[in-house]
Amino acid sequence: MIRAGIVGATGYAGAELCRLLYAHPEVEIAAVSSVSFEGQALSDVYPAYRGFLDLICGNQEEVVEKSDVIFAALPHGLSQELAAQCIEKNKVFIDLGADFRLENEEDYKEWYGGTYLDKSLHAQAVYAMPELFREQIKGKKLIANPGCYTTGAPLALAPAVKGGLVEPQGIIVDSKSGATGAGRGLSQTTHFTELDGAFHPYKVACHRHTPEIEQTLSHLAGKPVRITFVPHLLPVDRGIISTCYARIMPGVTKEQIRQAYEDFYKDETFIRLLPDGKVADIKAVKYTNLCDISLHVDTRTGTLVAVSALDNMVKGAAGQAIQNMNIVFGLPEETGLKLVPPAF
Amino acid sequence: MIRAGIVGATGYAGAELCRLLYAHPEVEIAAVSSVSFEGQALSDVYPAYRGFLDLICGNQEEVVEKSDVIFAALPHGLSQELAAQCIEKNKVFIDLGADFRLENEEDYKEWYGGTYLDKSLHAQAVYAMPELFREQIKGKKLIANPGCYTTGAPLALAPAVKGGLVEPQGIIVDSKSGATGAGRGLSQTTHFTELDGAFHPYKVACHRHTPEIEQTLSHLAGKPVRITFVPHLLPVDRGIISTCYARIMPGVTKEQIRQAYEDFYKDETFIRLLPDGKVADIKAVKYTNLCDISLHVDTRTGTLVAVSALDNMVKGAAGQAIQNMNIVFGLPEETGLKLVPPAF
Amino acid sequence: MIRAGIVGATGYAGAELCRLLYAHPEVEIAAVSSVSFEGQALSDVYPAYRGFLDLICGNQEEVVEKSDVIFAALPHGLSQELAAQCIEKNKVFIDLGADFRLENEEDYKEWYGGTYLDKSLHAQAVYAMPELFREQIKGKKLIANPGCYTTGAPLALAPAVKGGLVEPQGIIVDSKSGATGAGRGLSQTTHFTELDGAFHPYKVACHRHTPEIEQTLSHLAGKPVRITFVPHLLPVDRGIISTCYARIMPGVTKEQIRQAYEDFYKDETFIRLLPDGKVADIKAVKYTNLCDISLHVDTRTGTLVAVSALDNMVKGAAGQAIQNMNIVFGLPEETGLKLVPPAF
Amino acid sequence: MIRAGIVGATGYAGAELCRLLYAHPEVEIAAVSSVSFEGQALSDVYPAYRGFLDLICGNQEEVVEKSDVIFAALPHGLSQELAAQCIEKNKVFIDLGADFRLENEEDYKEWYGGTYLDKSLHAQAVYAMPELFREQIKGKKLIANPGCYTTGAPLALAPAVKGGLVEPQGIIVDSKSGATGAGRGLSQTTHFTELDGAFHPYKVACHRHTPEIEQTLSHLAGKPVRITFVPHLLPVDRGIISTCYARIMPGVTKEQIRQAYEDFYKDETFIRLLPDGKVADIKAVKYTNLCDISLHVDTRTGTLVAVSALDNMVKGAAGQAIQNMNIVFGLPEETGLKLVPPAF
């Protein structure tokens, strides 16, 4: 059994990790930590977990000590030191935060206002989106797990961008996320009475996930890609739809695009490329590590509309982290993640 | 592997059965049927199931033929003939409908307007609420699986009624159910724009589950019990809260009541008796076979307020049916049902 | 024009008062105050109000000075001193808080932990539920506006209790409220992701509104009444359903009960006594000062089930306060309150 | 008083018209009709309306006979004949359907599959979006009231497109609508349990509102405009957000764009151009005729992101129809429409 530890277990991503790891057949949860709730049972913070996850929240040191793999679900800026400790002790470190995601430190400075404490540490990190960069993840110990928006948009666009089927410039990513994306912290925006029945964009064209999406798309395109990214807040708990718009290159047909997607994703367990005429829906992937993609071509304007749906807490956070753990530990990728989404 | 068949697989209860049975380690789904969608894949009806439950809906005969256990999720009145066929072929028949739940045919006539086609068949049926009647279920082939309201209210009241701690008369059951309880069929009441933001009682003091709850409570009390039962429709998808009111017998203390509940449920996997000061919440049991119970004593008026929360599609339908199957087939009761509820 | 001032304008009750008074043809809003947002525009706190209610939040003194009638929407304990000032200056004072609602100071001590600073002031206060105590409101200057639960339950029960048609003991009030009832303050309970899809009781048999409901029912019954009161939190923004259970006195018929209600409410603008077979629904009264009542008799158990629905922010707070203002100032009671509820 | 009649009064648009006209100080509702509910009271269909709109649904002929202005809220294809009758009798006809919106009959054929029965009748119609084409509406009798999406997107883009500040090609309109937009008719898509927690696009790049939006933008641009239009279904009852993307012309600054919008909308009662840093939200305009617009410039990619929020049932249907009636009858435009949106 792999001994897993979760640092930041009482935030939403941490709590979701605990829930999924509890059911993982090759994992035992060795320890969890929480700064806010140290000394309390996880099931006191989340009563839903009573009888299952009654373990007491300890501190980071205990988690590192007792675990083979450490998942960190911390606010950005807090993972770097912890990662160094873990690597030194030869543990696997999977970071759900943003500290190791951006290759270019300048981007990190600009969008997060932080610096890289140890560049050699960053050199060991891998940006771990399995469907796009699987081979690079194997054998790594420092795993930068992608964010939620930054998973959905690239997966929707990857085959088209990599195949040169769309113009790499002028791409629009219009995303809509459920409220768990904003975390457990209280705010007026996510107060029930203000979010229920509401819907609005936020951080328009200035959200921190922009450079991360661009980094991935640039790798796929083989040249710099700039996007316009606009997230919106949905009055639902989970799920992200990313509606992505790209101009189709002259001469490229609808059929070629579809074929490219089918080829690209044909062996992927967690990608469901929907048949023509169907649309991706967050409800159809809820509580699972799936990413549904629907393809639409606007022949009137020569625009590809690629839509992805995923559960931001699973494929957009905890589930993908476990998928990465499975890769690192040589387990079948779907271990513990073969979940049928509830239909209602 | 137990070969399981589901008749009425495209209704909500049937579809939930398929989802849960898919993940059951000792079961393979042998066949499913649907009158409305015969010839179509289950995943065409429920796109969430794509890639998991793509089996084609056939007819009842195929299901009976191919299965060791047949689950029937049919409108009332349609199970009796099917049950007879299954019993004749020595199959296990688990009925999620109401046809075999009421011992007294007069009640069935009065509340459902039907008759018992074969009284000897009814004599073989067992009313299968495991926490209350476990021993009677073992070895049976004709299983009457309780309804949703009729599970939550008795579980909330059982220890008090059985122990003679409350007056058997004057009991009030005020229940609130999510919209899946109304099924997949369309109606103005469950049209999104009319239910969203709405809340109201329905079938006040005349709901069909009344005699079934009374039957269970009467067995527990050892004398006839009459209740006032008022269900309400919640603008949520899943979950039932039953807030039950009973007058405490003179001299009975709060501590005695709590002790009675603790004794009664101490070995039950699926019952979580919450500590004093906590309240049962539908969200904490969602997608699981759990029933949470919170106890409250109004010392000012001598009233017990016992509150239960369950997921109407799982403990109130498909999950309890699988729990019953496990009992009948001699499996550990929680097989395939050890599910951690999501906290958000 | 009546010059109205609102103290505590940025809480939910205060903000709703502003919205309704803005549309009142005989009122001009003279001043508003807020401790938290002094110096800011009301429409900065509530962007929905932009262009309508852009007035700047001042302090209490300004509000008292500039207004003929002062509405106070403050946490309990903060109204008594303000009331004294207003009465001294011969202003009308309408308190949406609880400081003047309970006639018996002992109840106030027990349930709110406070004392009455000036008993002579309390002697001038009137408990202002127009449908029950209209005549006593006229000519008064110190108006104790009832709370939300404490409006719905008594209106559901009044004709039966006053007419001696039900036993005054053993009454159960099972209420369900939308989240605005919990106010604008942030809490984990009303965090969107925790309330969405949730439903649970709270403060079971120990909510502060209990003695206030009992006070009203005792006046109606002419003898002491004790109730068991259990509120629940609905995942909707507005509305309260109170499902009230009372034992019908021997010999009293269903028809007598209905007649009593029809007589009692026949001239009431804001009460809609629904025809037999209909049920009260919070959605049908949303954004209005209406209270819908549906009557149901459980002849099997001799129980009256009376259900009321109201908008907790309007009939349960701001609307009723304006109704009271209209009475005090001699205006037709429905002035500014003749609002058609949206059907969807 | 203007005598108003509503044909198709029991659909959502018709019912909303009735609610708003009831409160209009210069209107009396003379008659309403419904094919499905002829002979029934409007308040039987919509219980929320009890006591206000108890008038009986008659037939079209009665409505035409008794009214000065006839509002038609009918499925497309059914207005043309009725319009002819009204015009012949010298009545004002305001069509909430699509039959008179498209100038080019070819577009109507392609997108609606219908033909124009009488071209001379269409020549009398005016496409009545007051903020864009106010002068052309005055004095007209045949009013084509715009649709919901077709109001929000053009209002968001108008100043930029008219001013030549953005490229007329490559415009993306990503819209999200509440479920009332799908009407009162039942469907699996708008069944509560399937829409709650769901979110998905539909009719991607093939929705009928596409040519209508293009028609408006082409008029503004003075040249043909093609857009990619993707609507999504929100799990809320009311409201549309349209997030519109357009490439900024070389040399045009953020300040120029803002100035153009301020100039364009400076005298408009129903347009709230939000200050920099704010975002349009459907909740802030609910139940009102307002359209909020927020402007955002992505300087990294040279893209204008203009976002509009409106209530699809009011500014997107019934409210705009009344605004048009006010114009035609020479009333101040905001008569009956000066509504403060509830903040919660």
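We just call them A, B, C and D in the order they show up, numbering each chain from 1.
Operating definition for what follows: a residue touches a chain if its C-beta (ideal position, glycine included) is under 8 Å from a C-beta of that chain, and two chains touch if they have at least 3 such contacts.
Remember, it's a predicted structure, so these values are computed and weren't measured experimentally.
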Pair of chains joined by more contacts [C-beta pairs], A-B or A-C: A-B
Furthest chain, CA centroid comparison against chain C: A
Computed distance of Cα centres, chain C from chain B, in Å: 38
Rounded Å distance between chain A and chain C, as computed from the means of their C-alpha atoms: 46
Euclidean distance of C-alpha centroids - chain A vs chain B, Å: 37
Residues of chain D touching at least two other chains: 12, 180, 193, 197, 235-238, 281, 283, 286, 344
Sites on chain C touched by chain B in the complex: 169-170, 172, 174, 176, 193-194, 197-202, 204-205, 226-228, 230, 232, 234-239, 241, 243, 245, 247, 279-283, 286, 294, 296-298, 300-301, 303, 305, 307, 309, 344
In the complex, chain D residues that touch chain C: 12, 15-16, 19, 22-23, 46-53, 180, 197, 237-238, 272, 274, 278, 281, 283-287, 313, 338-344
Residues on chain D engaged by chain B in the complex (per definition of touch): 12, 178-180, 184, 186-188, 190-193, 195-197, 235-237
